[in-house]
Each structure stands twice: as C-alpha cells, then as structure tokens.
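Structure record follows, encoded as structure tokens.
Naming follows writing order (A, B, C, D and E), and every chain is counted from residue 1.
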Amino acid sequence: MTYSTVLFYVFAFLTIVSAVYVVTAKNIVHSAYSLFVTLFGIAAFYILLKADFIAVTQLMVYIGGILILMLFGIMLTQKVTDVEIKIRILNIIPSVIFTVGITAILLFVMLTTNWRIKTPVVYESTVGEIGRQMLSGYLLPFEIASVVLLIALIGAAMYARKTK
Amino acid sequence: MQPQILSKITYFLPETVLIITLIVCILADVILKKKSLVVSGLAIAGLLVSGYFVYLQYGMEASLFKRMIVIDPYASFFKFLFILSTIFVLLFAVSSKEFRDAEHKNEHTYLFLSLALGAFLMASSVNMLMMYLSLELVSLTSYVLAGYTKKEKRSSEAAMKYIIYGAASSGIMIYAMSLLYGYTGTMNIYETARILTATGTVSSPMIIIVLIMITAGFGYKISSVPFHFWTPDVYEGSPIPVTAFLAVTSSAAGFSVMIRFFATTFLKSSAFVAGSWQIIDGIKWTEIIIVLSVASMIIGNFVAVWQTSMKRLLAYSSIAQSGYIMLGLVVANQAGLTAMFIYLVAYLFMNLGAFYATMMIANRLNSDNIEDMKGLGYRSPFVSISMVVFMFALSGIPSTAGFIGKFYIFSALIEKQMLWLAFIGLANSVVSLFFYVKVVKYMFLMKPDEGYDSKVQYGYGGYVMLMLFAVPTIFFGLYFVPLVKFAEASASFFGLR
Amino acid sequence: MVQFPILGIGILSWIVFLPVIGMLILIFIPKAYEKTIKYVAMIFPILQIILSVVLLMNYNKDLAGINKLESFQFVEKLSWINIPALIWDGTINIDYLMGIDGISLPMIILTSIIGFVGVLASFSIKRNEKGYYILYLFLVTGMMGTFCALDLFLFFVFWEIMLLPMYFLIGIWGGERREYAAIKFFLYTFFGGIFMLITIIGLYFSSKDPVTGLHTFNMLTLMNPAAIDPNSLLGGVGTNLRYLAFVALFIGFAIKVPIFPFHTWLPDAHVEAPTAISVILAGVLLKMGSYGIMRISYPIFPDAAVWFMYPMAILAMINIIYGALCAMAQKDFKKLIAYSSISHMGYVMLGIASGTAIGFNGAVFQMFNHGTITAVLFLSVGIIYDRAHTRGLYDFGGLANKMPKYFAVIIIAFFASIGLPGLSAFISESFVFLGGFKNETIRVLTIISTLGIILNAAYILWTIQRIFFGTLPEKWNEITDINGRELLSTVPLLLIIIILGIFPSPFINLMTSSVNQLVNIIWHLN
Amino acid sequence: MEIGLHHYLIVSAILFGLGLFALISRRNAILILMGIELILNAANINLVAFSHFGGLGVDGQLITIFVIILAVAEAAIALAIVLNLYNHFSTVNVDEANTMKD
Amino acid sequence: MDYTLKYLPLVILLVPMFSFLLLAFFGNKLPRKGDFIAVSLLFINLALSLIVFFAFAQTGKYSYTVDWFNLGKGNLNFTAGFVIDELSSIMLIVVNAISAFVHLFSVKYMEGDAKYKKYFSYLGLFTFSMLGLVLTNNVLLMYVFWELVGVSSYLLIGFWYEKPAPQEAAKKAFIVNRVGDVGFFLGIMIIFLTLGTFTFTDIFAGIEAGKLQGGLLTAAGILLFCGAIGKSAQFPLHVWLPDAMEGPTPVSALIHAATMVAAGVYLTARIFVMLSADALTFVTFIGAITAFISATIAITQNDIKKVLAYSTISQLGYMIMAIGVGAMSFGMFHLVTHAFFKACLFLTAGSVIFGMHHVQDIREMGGLRKKMPITYWTFLIATFALCGVPFTSGFLSKDSILAATMAFANINGGITYIIPIIGFSVAGMTAFYMFRLLIIAFLGEPRNKEKYDHCHESPIQMTLPLIILAALSTFVVFSFNPIGADSGWIMQMMKTPESLLTGTKGMIYHIVDRAEYTEMLHHAHYPAMFLSLAIAGLGILLAYVFYHWKKVDVEKLTEKIKPLYNFSLNKWYFDELYDATVISFTMAISRLSAWVDNKIVDGVVNGSATVTRWTSFGSGKFDNVVVDGLVNFTGGLVGFFGLIFRKFQTGKIQTYIMFLVFGIIVLYFMFR
C-alpha cells in the first residue's frame, strides 16, 4: 500500500458516500454541501492522476462557480425555513432498478473491456502542454467554447432581465 | 500561432461569416433598439453571404483545425439546408405573433444564428469532442429559445424539460464518448475507425453500450424513440418559429452528425469506397438503428393520431419522420444516404410549410388546436390548401416531394432486400394518413361551430411564404431531377468514396 | 416521339391534361359565377369525348399492344426523370410514356363518357361549386392518366393522385357519414398503394433493360422475361418472391376492384358520395383495379398469374355470389347498387382469372358495360334521392305510374344489370362464363358462379317491385318525373347499352388483338 | 495493490449511476442539475484516467476542460430557466410543472 | 321465292318490334293509343307468316346466317341467322295467329285500363321476342330471345303491378325461369366450347362427327333441356305458371297457353336429334311427372284460370313426354293444336271474367251457358279438344302421343310402362277436371245471383277470336281424317327426324331408328285410341256424376280423402317446400352475408369497436377522437396502441428520463 493507494481509497470513499448523500438527502441544502465534498474528492482524483491543471480548474470552476450558482438558486427558490425544503424521492423502485441496472452494465463493461494501457506520459506541469495544445490542436473547440459561453451569457441575461 | 492551422482558414469562411454576423447583430441590436427588421435583415444577409461561401466550397474536400472539422460535399449539403431553414425561420419570426408579443425583440435573431453556427459545425465535425461541443452549442441555444417567451407558463416549462432532458442525454453521450476514447485513445472518428478496423472483430459489450449511449445523445437531437420524450412537450410549449426550427434545423443537424458518426466510425477504414460501406464486423449499429427507426415510426404515428394540438401533432409527426429518415441509414450505403438527403430536403419544405401555416392560423385563432380549424378551408382557402399540400406531402402522397423522399428511402431498402422493413415503413405511412388527413378533415370536411368565422389574415408576405414552401413541395414531387442530382452529388464524405 | 400531335402535343396528353387546363381556368373564375363555372367545367369532358372519338377513328385495331411498344398507338415518350447516377447501377430513368392499346382504349372511352355524365349529374351540387368542379376535373385527369400510362412510376403517380380529389369530393359533398366514408376509401386505397409501390420498386431493381442494361420502370420492358435479371429479387420463374410480388400487386388492385375481403370501403363510399361521384367511382374507378391486373400483373408475372388463377377465381366467385347475397339484404337503394357492383366486378375478375381470350374479352367488355350500366343506376338513385331525399327501398312503391320515364330508364338499366340478352352486359357476362368454363381448372367455380345470374335477378326484381310496383304512398304524390338534364345524362348511356348489346362487334374488335396478345404472353404462346 | 485504471472507472461508473438516480428520482430541479453535474464529472474522471493510463498525455485533460466549460454554461442557463420556472409555478419541483402532457 | 324467304322472316320479326316502339314512344299521341295499329300490324304479320309458310312449302328449308361478331381472326365466331323449316314456319303461324287474336280480343278486354298503351306495346315486344326465338337458327340467339321472352312476360304478368299478387307472380316467373336458364346457358357453354359453334346445323354436324359424345353430350342435352323445364313450366320449376295467371287473361292466353310456354317444347324439339338416350329418358320422365302432378292439382282448383293453368302444365308435360319418347313430331303437333284450343279456353275464360266483372272463382259462377252462349259453345269445343274427344284436333294429337308412349314402352319394356300408364291416367283426369270446370261454371244454377244478373255476353271483338279459335280446334284444320293425323298436312310436313344417335342405348332408353319406331307406332295406334277414348269418356262421365247429376256427394268424398284433397288443393305443397327450403335458405344466407359484411368483414377491418370494448379505458375520448372519423381496423389498432404509448407521455421529466434509461438498458440487452 502506497500513499497514493490509501489516498485513492480515502477519496473514493469520500466521493461516493458524499455523492450518495447528494442524491438521497432530504434537505436540498445538505445535498449542495455534500456535492461540495464530492467535487472536492474528484479534484483529488485528478491530482492523483497527475492532472494538476484540471484539478485546479475543477476546484475553481465547479466549487467556486457552479456550486455557488446552485446555492444561489436554492436560496432564491426556497424559503430555508420552509418544510418544502425537504423533498421526497420519486419513482423510488424503478429508479433504483434502472440506475443499479445501468451501473451494473457499466461496471461489467469497465471490468471486461480490454482498455488501452500505455505508459503514462509524465509532464513537469501540464499547464504548458495544455496551453500549447489549446492553441494548436484544440484551437477550434476553444473558439467554439467561447461562443458557447457567449450564448450562455445572452441566454442567462435574457432570462434574468426583469419582466416588464 | 502555427501557420499550418490557419493555412486553410478560407475554408472556414462560412462559419466565420456567421460568427461575424452574430456579433454584428448583437451590436446592431444594442445600437438600433427595437428595429427588429433591420437586425433580421442583417442576419439574413449574413446567412446569404455564408451560403455563398458554402457554395464556393461545395464539392471540395479538406480537413481543418487538425482534423477537427472537414469540408466535404456532405457538410456543404447540410449547410445549405441550415442556411435555408434559418432564413425561413427568421422570416417566420418576423410574422410571429408570439415573438411580436415577447418583450425582447431581437435576441432570437442571434440565437438563431448561433444555432446555425452550431449546426454548421455539427455537420462538419469529425472529432467527437467537436461533435459534443457543437451539439451543445445547438442545444444551449435551443434551450434558451424554447423558453423565449418567458412570460408564457408553457414556454418556461418547455425550456425546463428541454434542458434537463438535453443535459441528461448529452451527459450520457459524453460519458460514452469518454469510454470510446479510453478504448481507442482518440476522439477523431477516422482514427477511431482505423483502430477499430485494426482490432478486427469487435463485439465487446463496451462497444454496444457505447453505441447505445452515443445514440442517446444523437437520438435526442433527432427525437428518435426512446429518446424522444421531450419532443411533444417542448414543441407544444415553444413559440412556433422555434418549434419549426427545432423540428427542421436542429433535427437535420442531429442527422448530419449522427450519420457521419456512424458512417465513418464503424466502417472498415480500408473500404472507404463508393457504394459499399463495409461495417466493422460485430458492431451491430444498423440493427440498433432499425429498432430505433421502427419504434420511432410506430410510436410517432400511433400517438399522433390522438393529438388535438397542431404543434403536438407535428411533434409526433417529426418523431415518425425521423424514423423514416433513419431507414435510409439502416441501408448503410450510398443509395441510402442519397435517399436520406432527398428526404431531408423534402422534409425541410413540407415541415416548415406546415409550421408556417400553423403559425399563421395560430396567430389569428390564438390556438393551435385542430378542432378550432373547423371549416377554415372555406374562410381562408389559400392557407388551408397550402396546409393540405403539406399534410399530404408529409404523408407521402405522390406528386409531392414527400413521396419522392419516401420513394427513395424505400427503394434503397428494397434494393438491399430489406423488404420487411420497407413494408413496415410503408404501412406506417398509411397510419400516418390518419392524423394528417385529420387536419384536412377539420379544415374542409367539418363545418365551423356557430358564430365562428374568423379568417386568417395575411399580407402578400404570407402568400409568398406559403408559396415558397408549397411550390417546391409540389415541384420536386413532379420533377425531382435537381433534387436527386443535388443529393447524389452531396452524398460524399470526406475521405470516403 | 409524339404521335398524332395537336399543337405539338400528343393527343393522349391532351386527353389526360385537358381537365387540368379546365382547373386552371376555373380557379380564376370568381365563386359567384356559378353558372359559368358549371358550363366551363362541362366543356372539358365534352372535349375529351371529342378527342376520344378522334382516338377511336384513328385507332388501328389490328395492332395488339400489350408488350410491344411498336404496336401501341398514339405513343408519347418523353424523358421525364433522367439522372445519371452512381447509385442504383447507373441511370435512373423514368419516362413520360403513354400509349394505348385494345385494353386501354375502351377504358378511355368509358372515362370520357362517364366524365361527361358525371358533370351533368353534378348539377345538383348546390354548394361551393367552384371547389367541386376543380376537384372533379382533377379526378378525371387522374383516371385518364392511369389508363394511358405505360410507365410504372407514372402509373403509380396517377393512381395515387386520384385519391386526393376523391377524398374531398366524398368528404365535402357527401352524405351524412361522409367523413368516415372518405377516410375509409382513402386509407384502403392508400394501403393497397403501398403494396403496389413495394412491388414496383422491387420490379425496378430486378429489371435490366436488354438494350440499355439499366433498371427500368417501363412496363413493356418489364414484360420481357429477358429484361428481368435472373439473380435479382424478382428474377427467375415461379419463385416465392415472384408469387409474393404478384400477391402484393394483386392486393393493391384488388382493393380498388374491390375484391372480397377488401371490399368494405365500397358500400360506405358509394352511399355517402354524391351522385356524380358514385357514378365515377363505380363507372371508372373500380375498373382501374381490374385494368391494372390485366395491364401489369398478368403480363409481368405470367408464371404467378397462372398459378394464382384458381385462387383468383375463388375470390371472383365469392364476389359474385356474396355481393349478390349482400345486395339482397340491403334496405338502402344506393347500398344495394353498391353491392351489386361488387357482384358484377366479380364477373370481371372471373373473366380475368380464366386466362382465356374470350374471358379477357368478356372482362374488358364487362368493365365497360358495368361502367355504363352502374352509372345509369347510380344516376337513377341520385334522381330519386334528389326528389325524395331518401333512398330507403321500403319508402317507395308505385312509382312506375308516377314516373313512367324514370321507370323506363331504370328498368332498362336493371335488366342490363341482370345480364338480359340484347343489352350489353349479356354479351360480356356470357364471355366471362365461356372463358371460365373453357379453363378447366376453374370450371367448377364458374358453374357455381352462374348462381349469381339467378341471385342478381332476384334482388333486382325485388328492388323493382319495392320501388315501382304496388301503390304510391301519399307522400310521394308530388314527385315529378325525370327532367331533361337527367334524361340527357342517362339516355345516351342506355343507347350505348342497347347498341352494344345488339352490335357488339365494333367494340369487341377494338380489343381482340390485344387480348389475344395478352393470352399469348401468359401462356407463352407465339 | 497498485491503483489502476479500473479503480477510477469503477468510481466513475458509480458516480454516473448516482447522477442518473438523481435525475430520475429527485423532484427538485436544482438537485436534478446536480445529478447532471455528477454525470459530467464521472465522464471527466474517465477522460482523465484514460488519458493518464493510456499514455495520451494531456489530450484527455483538454477534453475535460471543454466538458467543464460546457457544464458551466449549461448550469448557468439551466438555473436561469429554473428561476423562470419558479416565477411561473412557484415551485422548482419539476414534476409539478406538467401542464403539457398527453 | 328467294326473296320471300330471305327478307320476309325479318319483316315478320320486326313488325311487332315496330309496333312496340311506335306505341311505346308515340302511343299517347295516337288516336285510341294506337291499338288499331298494333292489331292490324299483327294481322298483317299473320298474313306474311302464311306467305312464308307457303313459300317454304314450295322451296323447302331455308337458312340465312350473318356474322354477328367475332373474337380474333375467325377463331371464335358468333353468328346470327334465321332458319325457315317445318318447325319454325308452323310456329310462325301459330305465334302470329294467336298473337293477332289476342290483340283483337284485348281491344275490348283491356278497354279503359290506365296503361292501355303500355299493354299493347308490351304485347308487341313479346311477340317480337317470341318470333325471334322461333326463327333463329342459332342456340345463343335463341337464348337471347328466350330471355327477352322472359322479360316481356315479366312485364305482362306484372302488368297490374299496383296489386301485390301480380308483382310477386312476375318476379317469381322471372326468377324461376332464370334457374332453368342457367342450365340452358351452361348447356350452351358446353356446346360452344366443344364444338365452337352456336348454329344448330353445325352443332348437329359436330355431334355427328363425334366431337361431343358420351356423358358430356348427355349433360349438354339435359342442361339445354333445363331451359325448357323453366320456360315450359315442367316439374320442378312449374310453380311459376299458375301464379302467372295474375296477368291479364288475354296475356295468359297468349303467353301461358300458346306461345311462351311452348318455347320449351320448341327448344326440345329443335335439339331432339342431339339428345342422347339418357337425356331422352330424363326428358320423358320430367314430362310424365309434370303431366301427372299438374293434372292431380287441376282437379281441385277453383279458380278458372288456375285450372286452365294446371291443365296447360299438364299438356306441356305431354308434349315434352312425347318428344322424350321419340315422337317429336307428335309433340309438336300437340303443341300446335294445344295452342289453339288452349288459347281459346283462356280467351273464353277471359270472356267469362269480363262478363262476370272480374270473378274468377268458379264457385261463384254457374249457369252461364244461358247468359253467354257463344262463350259457352266455344268453350265446350275447346274442352272437347283438350279432352281428346273425337273430331277435335286434340283428339288427333293426344292419341298420337299416347300411342307413342305405348310404342315406347313396348320397345323398352320394364319400368317404361309407367309412362303410358301415366299418360292415360292423365288423359282421364283431364277429362274429369275440364268437365268439372265446364259443369260448375256453365251448367246448373247460378250460385251468385247478383253477379249472374249483371253478367252479359262479350262484344264481337271478343267473341270473334273465340269462334275462330274454336274453329281451329277441329280436326279438319289438320287432317281430313278425323281419327288419324298421319295423312294430314301437318304430319306430312313434320316428320320426326332421325336421331343422330340412333342405335345407342342408355340406362333405360333405346334409340331405335325411325322406321322401326314408326312400325311400333302403327301397332300402338288403335289400342291407344280406344283406350284413351274409354278413359276420357270415363272421366267425363265421372264429372257428370259428381257435379251435374250429383250422384255422389262431393263434399263427403272430399272429407273422406281430406289429406289427398288438401295435397292436391295445395299444389303438392311445392310453393311451401320452396319457400321453406330454397327461398328461406337464400334469404337467410343473404341476411347472414349482409350481417357478416357489416359486422365481421367490416368489423375485423374496423376492429375498433371490439378493441375499445376490451380496453374500456378512455372510451369517451375514443369515440370523440377515433370513432369520430377514423374508425377502421387501423384506426382501432392505431388508436389502441397509441393510447398505450401516450401513457408514457406523462408530462413529468423524471419519467421521461426514466424511460430513456430504460430504453438504453433494453437496447443493451437486445444487442448484447
């Protein structure tokens, strides 16, 4: 058992448990906080996978952006003191069956498939390489991503604009 | 910047023009407040210019941006389709009452443009990441558009359903793509094909689940069963121009990416020759498409029978129509591809026409309920007769373009000796008559209720628009040489043939 | 290649598309000018009659047609769709190919006559005349085209296109349950159409024109066994797929004929349709099915045709007897005539199933005769309905004295309908039976079918009795006899019925050579 | 035992399943969005893991970046839409917004 | 005389047609509705027929044929033509004569009828058809006219269609005839398909050449004879004729006594030479059975016309039987004599009915002799003729037939003796019932005083034909020898031809050559004559005993043999039998078919109703949306599945995603 092994299991446990809590919590605010833990755990995986830039991005964008956004969303749409905050679970039996089913299929696939395994390429820091790639091979996606963000902006603005 | 990336930048002109138009439109909107016609005019002009560039590059083949996207007749065909439909939809929007009533006047213009841009990229992507990205671009724009009339309760509900369903589907798709990436180590579909071919017989469960999950992503875009559930609700809730756009442009974009994905990724890379598509052994994607297509036709047609809302009816009809188009993919050869192209062009005219007529009627009646159209044929003959043309075209009656589309699809099937499939498809088109004719029935065979005598009013613009759809629908039904020639010339992938 | 051009356009194109010109003219006549609309609409069927007389005068009855383009007449061949292509092994070639032979000529004459009669009968239409006549003319074009087309694709287009006006004509101007009847008619025929379409496409891919080496939709080429690629879908002789294709095609046509058990649309459609449309429906439309069998199914699939003669004869027999039995139980005059049509089309089918020259002659002749006779009958129903607003057989009685002219008209038609000698149907029915009798495999069925003669007589006489005999109910005291326009629409048909009953030879001579050629093809004579 | 590809894949599969579970079973729109984020994160784990173990360098990471970008855009629009929905329905329980159905 | 025989028959044929058309189209504009034209035309026609007859007598058989139409180059040729031979020339006279007299008679009889014009035009049409039937030399054409005769008789029988009975009778006549005609037609088909011709001469030539033989020939013969069964009202299709008496009485005289019903006999005579031994047996027995059955029925009938009708059937049976036993010329002879005296009987009956103001029941009559002397005397003469009393024409022909049956029995022996036995017993019964009729109607005391008082003798237009016809019922017309017709012109002219199948033997019958047969006939002549005289006398005597002298209480006797009496009175229950079997069966089948068509065929195709009932959910909606316009098999099915499918569209996004996931799983397991 190496460090990384231990760390992996710890974070895997953390991630999964918190994720389970995210989807099952009665209180949506608890879910949101629990999601924080999950996302953090995933960021830790990225570090374990030597993807430092992604890990940072994960922390910044997800935790700093999306999660906050969602919390705002929750705040805006829920009165915290309200009982409404506690939400029931729908379709419990079929949803359990289907999700377990599809997870089982995926696990089966994961374990049986002959994945492509090569020696990992090790970078000093991935940032430089990512930057290089971003402006060469991934130039177009990069540009398009900006358009996507523009549209998201316009769209969000459109919705957010005050109704007369 | 590395010169080799930009060496072929001229090939990217159509998209560039679109992006520029998009920005110009935004600026124009900011500067010229509330002069929607100007902005729309600008957008149409931009689209036409873009179309001109597409025309210039029609027939060329090239790959751009390190094989992120390609230029080939296939993509150009779809680009023409998108430009045409976007122009039409922009014209729709001008006369749409829903849009007129919406408080924001011009956002839709650049949203439509960005949608067109996304569709352009979808048609030319050869990289799964690009596919995902462009698909998301289209989707995000559509989500916004679906809820465009945000004062409308139904519109916001539609947007909500659409985004959740869309996000789920695309999430599933990117997950599957990640798996495929893990197997082949590349996102480029040509590379993928090469690697898969080299593996020999691929029949692992992985490929199957990946196939299905990726199909979920595309299938949601083309609203194929069982990924169609959003369609009726969103179509019903969205403003009609948006619905038309979703039904035609967005769905055609879905086809453009889906066809290319399947027809490149899972074909033997060594056998990229005309007419004979050799599917990699063990990958049963045609079977999957058969199931989806048959299910789409059956469910689409059968449920459409029950609809009373015109938009919902057209939604189910779109589901069924995508089933027919998929039949062309099942054939998995050049003829099938051509047939799909022909169908798509026909579909563009007849479906947009149907939506336009619906919109004109709904503008006046404030309802798209078929029962409210009772006896409309006598009060507003022109729009009603046009509607009849579109309905019969959609059901595939000869001498309409719809028939030619079906004719080619089924010809391709029969040539491949898929008789049963042809029969199922044709039998379904009988079923489809039920509801298409129902519209006709309400318009012409039923008398309106007492005191119900509202006429649909439209200016010359309305006439011209209806003619724009109806004339090609009939013309291509009677003389389909240009249609077929265009389709055949376009039925060529980059690197294929 | 245009033969017999008028203003540079072939006469067949004229005859087919004249009504379209009429439509265009009608579109520009304002709705209010009802009279003008009527008379303009009337001009075109008259012109068609003139043209079909011209056809008749210039027709060379010695040329057989059927499978040889050289012996077709007034042929027009223009390339319609011609796309050199990579897919589908080369060129996609659809010709605008029209021509007539001894099988189609009678049908064209019939169509033009019935088309004219129909316009006359349409004068009782009182609402939205403009739309009515436009659709009516459209319908006539569709029918004419079907009988002229020699290219399968063209044929199919005409075949299906005719559904649309029919749907509206029944659905808008029909009776109480018009919507139901219209949709039923539409769906049934469309359903049949898909079988046809599958077969047509299958044939296309199985063909290989010996001259050009390409696939073809040309019926005449397809009739040449050498033009069918033996390794293709429908290649070979007597393969299962060929039988299947024959059956599919047959279903398509059978629905139109209609043949049991595909007949149920017919009573509904007839009952609900306005008079003129019933006339067209019974007079011409039904013939398209049997015409199609003779024109397409038989010569292209002679092997299957021979194999299926027995089952077809069974169906024909069922049609004859079952139709007559059902007619007997009807209480509605129009429905009775509708079922009698089923019975009479059974004769046509029996003639076709016989596979003999005399049977075919009888079938074609019977098609013509049934057209004229049933037209008169439906017109008569319309006449009485216009006056009494009911068609219940039990509502009448004693009309013979009140409406003597009407009685005279209808009784001739009735007697023609039961195959009375001296009237045209007798000869055709005799031919049919002779043909059926000649073919040993279906001889027994033919003998059973002759029961139909008795049953037909029974219900027709019963009908006469119920409507014309007995005492006149009070309520019909004011009823008036047939008027001039109605006489104009019925008497010419009656004259045809009588003249052809006495001097059938000019008419039969038109078709004999074609029919003999057809027989030769089926039995591989020559 | 060395941590290999499969470990990450299993975690990702479980996360994917949980995400789907949220989609199917939760009524709250925001929770559903969280489910979508879980699915996307599962995909991201895959991409990074494959990239790492498959010797693909930063290729997979780049893709991950784009997925994250899209997730942001999607989340933004989705929240805007959800807020709009709340204005109309006074709830974010998506099953209650079912005025349109067959 | 060439032209006489070439064109005159056509003129004769077309004259009544002309009369028909003239009256039908212009009758109302002519004075007296043109009846005088019709009458005079017919008399002209009679004269022309006589000319033709004499021309024929001079030059012999003449046949003229033209092409009617053909199919292809000579392979199937349909011809039309006429033949003047002994059969047709005599028939021409008979038909025209009777028709002319009936025309004349009708002028007064039908006077004042609302459809006076129609009546005469129909008579013209009928005469035309009948003449055509007689003249043609071609079996198909014969069938054509055969049917036309049927139609015109339909029109005439149903002439008073305002009343229900004539309608029914007309319909019955037509349909029953049709049954026979189908057989006739099938026979024609056999002949045409084996011999390729319709012309009698060619048919006979073909048979002689052996192209058609054995069972098929027998079948063809019997099938052709089926036509005769229908038209000549032979058992089992005899039921229509008594009912046909609903027509005007002159019509009965024309159609149901002299001409139309004789057509069957004429046909049988025409085809006599081609009938095989078995076919002839069949013919014989049909004739005999008919003769017997109808004679037994006639005994108890009370309607004057019904009695005559059954007697007609009986006599037709005689004729058929005569042809069957090989004495075709006797059959024809009887046809001719019978035509005149039966026409006379019917017309006298008409006269009585006219005089009695439409009373037909003989129980209402009585003592008419005094009021209507001419009618009585003519009736008496005709009755004598019918009963075969010497010095009448009937005596000549009937005895010949009886002799022929005896000869026949002598040749064949065994069971065939039943034929002469039937023949003689029928002769006895005939005498009995005719005199019963005569006695009840004309002798004794009037039973209905009121009617009797108003009764009067008919005018000259009516009595004149009676007198002529009565005169024509005497022996001199046919033969100067009152006890033997052999030397008479008619028998000299009309000889039984040699059968084409002479020498063959069927199951019973033996066709012997003509010489041998004539020999046997000579032997049978006198025994038959005496026997028949005795039996006829006995019959007459019994009638007098029963009804005139009333030595036997008829009522009591009737009571004693009630079942038999009822059996006879109810016509052997044939109508009831047919009603219970054929007709109700057909009607049931017809209703069943209609039901099946409505419910099952349409129902299977429609399907919707059943499917809805099974599913029962959303039925209100279903009616609105689907039944309302889309009911149909597909409608039902589509609607049904559509209903199920649309249940998935719940409007809840979670459900949608659930189905999406479910879809993925299902697809995975489908393609795993």
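Everything below uses one rule, namely that contacts are C-beta pairs under 8 Å (C-beta built on N, C-alpha and C of every residue); 3 or more make two chains touch, one makes a residue touch a chain.
Being a predicted model, the structure only gives us computed values, none of them experimental.
Student: Hey, how far apart are subunit A and subunit E in touch steps, shortest way?
Tutor: Steps on the shortest route: 1.
Student: So which chains are sitting against subunit C and subunit D at once?
Tutor: Touching subunit C as well as subunit D, we find B, E.
Student: Two chains share more C-beta contact pairs than any other pair here; which two are they?
Tutor: Top-ranked chain pair by contacting C-beta pairs: A-D.
Student: Which one of the chains is farthest from subunit B, going by Cα centres?
Tutor: When every chain centre is compared against subunit B, the largest gap points to E.
Student: Which chain has its Cα centroid closest to the overall Cα centroid?
Tutor: Chain C is the most central one.
Student: Taking each chain's centre as the mean of its Cα atoms, which chain lies farthest from subunit D?
Tutor: Most remote chain from subunit D, centroid-wise, comes out as E.
Student: Which integer distance in Å separates the CA centroid of subunit B from that of subunit E?
Tutor: 77
Student: Could you state the distance in Å from the CA-based centre of subunit B to that of subunit C?
Tutor: Result: the chain centres lie 42 Å from each other.
Student: Could you give the separation in Å between the centres of subunit B and subunit D, each centre being the mean of its C-alpha atoms?
Tutor: Measuring from centre to centre gives 26 Å for this pair.
Student: Using CA atom averages as chain centres, what separation in Å is found between subunit A and subunit C?
Tutor: The mean C-alpha positions of subunit A and subunit C differ by 70 Å.
Student: Specify, in ascending order, the residues of subunit C that touch 2 or more different other chains.
Tutor: 179, 183, 187, 191
Student: Residues of subunit E touching 2+ other chains?
Tutor: 629-630, 634, 646, 649, 651-655, 657-658, 661-662, 664, 668
Student: Which parts of subunit B, given as residue numbers and ranges, touch two or more other chains?
Tutor: 129, 133, 136, 140, 143-144, 147, 150, 160-161, 164, 168, 172, 179, 182, 185, 205, 209, 232-233, 303, 306, 430, 434, 441
Student: Following the definition at the start, I'd like every touching pair of chains, please.
Tutor: Pairs of chains that touch one another: A-B, A-D, A-E, B-C, B-D, B-E, C-E, D-E.
Student: Inside the complex, what are the residues of subunit B that reach subunit D?
Tutor: 129, 132-133, 136, 140, 143-144, 147, 150, 153-154, 156-161, 163-164, 167-168, 171-172, 174-175, 177-179, 181-182, 185, 187, 232-233, 236-237, 303, 306-307, 312
Student: For the complex, which residues does subunit D have touching subunit B?
Tutor: That would be residues 5, 9, 16, 19-20, 23, 29, 32-33, 36, 39-40, 42-44, 46-47, 49-50, 54-56, 59-60, 63, 66-67, 70, 73-74, 77-78, 81-82, 84-85, 87-89, 94, 97-102 of subunit D.
Student: Give every residue of subunit E touching subunit C within the complex, in rising order.
Tutor: 24, 67-72, 75-76, 114-115, 140, 143-148, 151, 154, 158, 161-164, 166-168, 170-171, 174-175, 178-179, 181-182, 185-186, 189-190, 192-193, 586-587, 589-595, 597, 601-602, 604-606, 629-632, 634
Student: Which residues of subunit C touch subunit B in the complex?
Tutor: Its residues touching subunit B are 80-83, 85-88, 92, 128, 156-157, 159-161, 163-164, 167-168, 171-172, 178-179, 182-183, 186-187, 190-191, 194, 197-198, 201-202, 204-205, 233.
Student: For subunit D, which residues are in contact with subunit E within the complex?
Tutor: Residues in contact with subunit E: 20, 23-27, 32, 94-95, 98-102.
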